[in-house]
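Common to both upcoming complexes is subunit A, partnered first by subunit B, then by subunit C.
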Partner chain A sequence: MAVRRPSSWSPAVAELKFAGHLLIQNKVVLAGTIIAVAVLIAAVIGPVVINPAVATSIYLPGRLAPPGPEHWLGTDDYGRDLLKIILLSMRLDISATLTIVGADLVIGVLFGAFSGFMGGKLDEAMMRITDVFFSIPTLILAIAVAAAIGRGLNNLILAIIIVGWPGYTRILRGQVLAEKEKLYVDALRALGIGRVRIILRHIVPNTIYPVLVQATLDLGGTILLFAGLSFLGFGASALTPELGRLITAGQTYIFQAPWLVAFPGIAILMVSLAFNLMGDGIRDILDPRLRR
Partner chain B sequence: MFLLVFVLVGVTIIVFFLSQVLLDPLALYITERTREDAIPALIAYYHLNDPWPIRYAVYVWNLIRGDWGYSRSLSQPVLQGMAGRFPATMELAIAAIIWTLVAGIPAGIISALKNNKLPDHISRIVALTGVSTPVFWLGLLLQLVFFYYFHLLGLPNLPSNGRYDTTLGLEHPVTQITGLMVVDTVVTGNFIMTEDVVAHLILPSFALGFISLGVIMRIMRSSMLEVLRQDYIILARSKGLTERVVIYRHALKNAMIPTVTVAGLAVAGLLGGAPLTETVFAWPGMGRLAVNAIGRNDAPLIMGFTLIAALILVFANLTVDILYAYLDPRIKY
Partner chain C sequence: MTESAPDKSEALLQLSNVRLNFHTYAGEVKALDGVSFMVTKGEALGLVGESGCGKSVTALTIVGLLPENASVTEGKIILAGKNLLEISSEEMRKIRANNIAMVFQDPTTFLNPVLTLGEQLEEVFLLNPDELARIAAERKMEDTLVEARSDKGTQPKENAEGAPSTARLSKSAQKKLARILSIEVLKQVQLPDPERILKEYPHELSGGMRQRCMIAMALARNPDLFIADEITTALDVTIQAQILELLRQLKKELTGSTLLITHDLGVVAELCDRVAVMYAGNIVELADVKELFANPLHPYTQGLMRAIPMIDRPLERLETIPGSVPDLIYPPSGCRFHPRCPFAFEKCKLEKPELIHGGKAHTVACHLYGEGKA
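Let's look at the complex of A and B:
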């Protein structure tokens, strides 16, 4: 293949092509990304193909049927087709995960950017607050918050959002501390541009990459946290298709109908694994030090 | 030290906010047997109608005095209830951390030495699966295989719940000394129970430690690779030292430094995994207690557990800092 001069591309395109090249080179990451994309597609089109009414269609005579040609993954204790329920659940779990990480990203980035840029007492206070959050295990703090604000799906999501932002704040703040000393920031100030505008329009776009990488790395852990708390009884009500909830329900029948526990767990594992592989890959691609 | 106090103050502020501001503060101190006419006296005693700073001060003072509120689901003061379950959680956590370190450190060294060969690939897969596996699901699967299927096949099966076999426990009662049953049974020479207690520990500690295993393995690998690239290792090799001495006498100690940090962090993971693992294995620890409290709206117990978890974590981080100074003489406090 003829080697084209990199200079003939704009830097962004070159970067993207190089990223794609690295992606194809790394077999494990490629496999992870393919699985992740497949799982995401299944989760997105699942509820379109499957009638969501399946979730509430209880048919007790057909309950606990083992996996077979009619029901590929068997049926649950309400007689619902497990495969369909799992596909419906995956969308809920994945969208909850994305909501949580997305919200934490916004909160963490805003706090981190202002904290780092303003410096002084505000910065000091913010760092001590993050210290406190880091000194309580995430799952336990989430339990405490969820217990205080009450049960329900939205409250569970809120609770996990409340405990999750400090990591991003720390990373972004560190980036901003270095960035704000650069010459262009002085230039912007000299032009009379306001601090908020400098932070949001200039500093954040220049410092956000490491935080984005961290966010993709956190997706896998977040879905485990969400499913785990659902398993413990927070979050969705009994008939809502949710993966952790499905395992709670299946736990009663573990020896009688092990597929009720096995398959929803495999679904969580697959989604989490795919997120983790994708996150690892994105980190390797975006972090020049790891490009070897 | 200053930071430690600061963090503890911060934790109490968070828990104070959750339990006294978002929830009914009185609920922390009343029981179903509290008489109606005693309530004004309780409000006065705990200063519940006073301004927030005073209420916070009173709250912290009560925590220090050991009054952590009253748990309705246990019908017992929170601290007393927690204290009874503390050894069970510790025993499980210690077992989990021991096996992850014993397995993870050598595995990490091997994958560093066989960098990008088969053992390294295997460790990479184990690590990735570890951080992606829902611990409660793993626990249930382990029960299914090692308790139920082994039983069906007539193989020797492992117990799937509790800390010991209750019938066996009646025949050979365990004397409580430390509360860690393995230690207690060994000290009192009750070896029949030691065997039973260890068998009960295997599955839950495996499930709990599995997440941390991968993390420890990968950190050990990368720090070992880093250390092996240094000049003093080349010197050691060129002196004609055997590979074994180079690695275990010269490289290991330096490579351990990052691993110790991560092991300290793994304590957070183990504590966070405790509610899930203990629930699945019916392990009578603090985590299961807190989970049961969720269903009964027993907030005082959940808040108490949160405080204890934070205390343990702060203590673990302190231990890591002390270990640092031992591993790396350049670090002085």
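Let's look at the complex of A and C:
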């Protein structure tokens, strides 16, 4: 079906068009992408429209107001407008998630590429280190690391980064093991190109797709982990607009003001779902079998 | 070494008594059993022999790209005064970058599939910024590159006059020059429309075009030694002819030496000045091309010659060499060819023959001739 038509488009644009074509064909992916884009737009535009000072403007007489025309999603126990707070929170959660996954991706790819390419003792040592990480459940390990390096938003992000990279390292290492046996690597070495350059410029671009797919699929899980740990009290301080934190604050009033728990929960669900559907879509787009 | 004639021309590459083993589960594979030969400056040496006789292993030993289970147990490989078997891997990398270029058998698998040819070809030039600066100065290309340069400062002209040749070019000027040189080298290997090819990915080109690109990448460095390892084997016959024609023309233009590895005696006859015949990890005969074809001395070479189909011979069964390639884990004693040799006698089983003079510019490793001489 996907016959390359001779066109005036440059290959990169043609590729994008084809990706777009695949995206539109798959309704679930399309829905996920639309939700994800909407959420992202809301998260980006929200804080521009909303004065971030809302987060700290406490108005106790108006606290715990139910959803209504004035406050669409009601107000929380500090009297802040819940919709505005959730929009602010979403930006924080999404940017934290992207930071975490991005950092893990870089660390994992570098470790995996060098480990796989160099082989030998370095590889062995690296794989045993990842084994240690895999032997402990991620959530428990993240709690332990977060507790060890202390509270605070940045420390929480750091903790999740620390527990997240081994998965990518493993995937990439496997890919590199196969890739480094390919003959073009010999040809590059015969041209006198250095090892670091071969790894970063030639091997990594050939092996990174499975890791990228894994990373997009992990976005949903990471935001849950981040919000979850926030909910448990690591990370953000009380007034910081953060989704997990909002739920913690709301659970005290779960019978008086159930919206305080429900709406941030729905927001987490939406973001996580959007990321997951988008991840599936990207996997499908990058899957060569689907592209034939 | 002692028996090689004092040559009029200078040696570029000298292999002496190189022994190499592969460690395998089944045992030590004695792949190279004392290989000695030399390549003089500017000549084209053909290395022929059947599959598994050690031709490619010899080439990989020279460029230092042996698999991990191989080890050289003895011998020297001298290139430009350095023993390549003793230098560090970084020095070896520099030698590969500047002195030796190798083109491999199958062009389909020897290019990185995710980068365009332009990126891959320009990379070869960009590896050596000093060389780029030298070329730019030599060709007085400051004017063409000046707009790329001017972003660095307001007085590019003074700069160009003050310290012209040694100053490195700016990154963008380097890129620009690399592109110009890439186009030139693609023209040199006679690819049509080089500007377009630079933007294409390897899968968008045919096998012959890819092999031309590989040759272009090898030539980009203007190497002292160009090693071509069965470069026509994976191509169609018509494309083979084109690539051979290209090599013939390049041979005239280039100053460097060529080591041409092939199992095709026809290719050797057309392109080489001298030929080394390999059998089971040994050089068995080394001679000028005309001399070898006119007067093959070693029984193995004679067998090979008889096995070439000739258009003017009446149609009969093509002759073959009886037996098969020996198991190199347990190689035959003495001369490794003796189990298949029609002239073998007692001494062949016991003693390994050395390379001896069998005529003008002709050496052979066979007891048949040693007897006559002694």
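Rule of thumb we're sticking to: the second predicted complex is superposed on the first by the 274 of 292 C-alpha atoms of A that agree within 3 Å, B and C clash if a C-alpha of one lies under 4 Å from a C-alpha of the other, contacts with A are read in each partner's own complex, and residues count from 1 in each chain.
Following the convention adopted for this analysis, a residue touches a chain if its C-beta (ideal position, glycine included) is under 8 Å from a C-beta of that chain, and two chains touch if they have at least 3 such contacts.
Quick caveat, the model's predicted, so the values are computed rather than measured.
Annotation: superposed three-chain arrangement on subunit A; subunit B versus subunit C shows no clash, the two fitting side by side. Angle at the C-alpha centre of subunit A formed with the centres of subunit B and subunit C, after superposition on chain A: 110°, rounded to the nearest 10.
By the touch criterion defined above, A:Val213 reaches neither subunit B nor subunit C.
In the overlay built on the shared chain, the residue A:Pro205 is in contact with subunit C alone; subunit B does not reach it.
In the superposition on chain A, contact of A:Leu188 is made with subunit C only, not with subunit B.
Once the two complexes are overlaid on the shared chain, A:Asp131 sits against subunit B while remaining clear of subunit C. Touch criterion not met for A:Ala257: it reaches neither subunit B nor subunit C.
In the superposed model, A:Ile157 makes contact with neither subunit B nor subunit C. Within the superposed three-chain model, A:Leu273 lies in touch with subunit B and out of touch with subunit C [touch as defined at top]. After overlaying the two complexes on the shared chain, residue contacts for A:Ile50 are found with neither subunit B nor subunit C. When the two complexes are overlaid, the chain among subunit B and subunit C that reaches more residues of subunit A is B. Of all Cα pairs spanning subunit B and subunit C in the superposition, the closest are 24 Å apart. Taken in their complex, subunit A has these residues touching subunit B: 28, 128-129, 131-132, 135-141, 143-145, 147-149, 220-221, 224, 227-228, 231-234, 244, 247, 251, 254-255, 258, 261-262, 264-265, 268-269, 272-273, 275-277, 280.
Within the complex formed with subunit A, the subunit C residues making contact are 63, 65, 93-98, 100-102, 104, 106, 109-115, 123-124, 127, 199, 201, 214, 217-218, 221. By the touch rule above, subunit B contacts subunit A in their complex via residues 3, 6-7, 10-11, 13-15, 18-19, 22-23, 124, 128-129, 131-138, 140-141, 143-144, 148, 268-269, 271-273, 275-276, 279-280, 290-291, 293-295, 297, 299, 302-303, 305-306, 309-310, 313-314, 317.
Of all residues in subunit A, only 11, 182-184, 186-194, 201-202, 205-206 touch subunit C in the complex they form.
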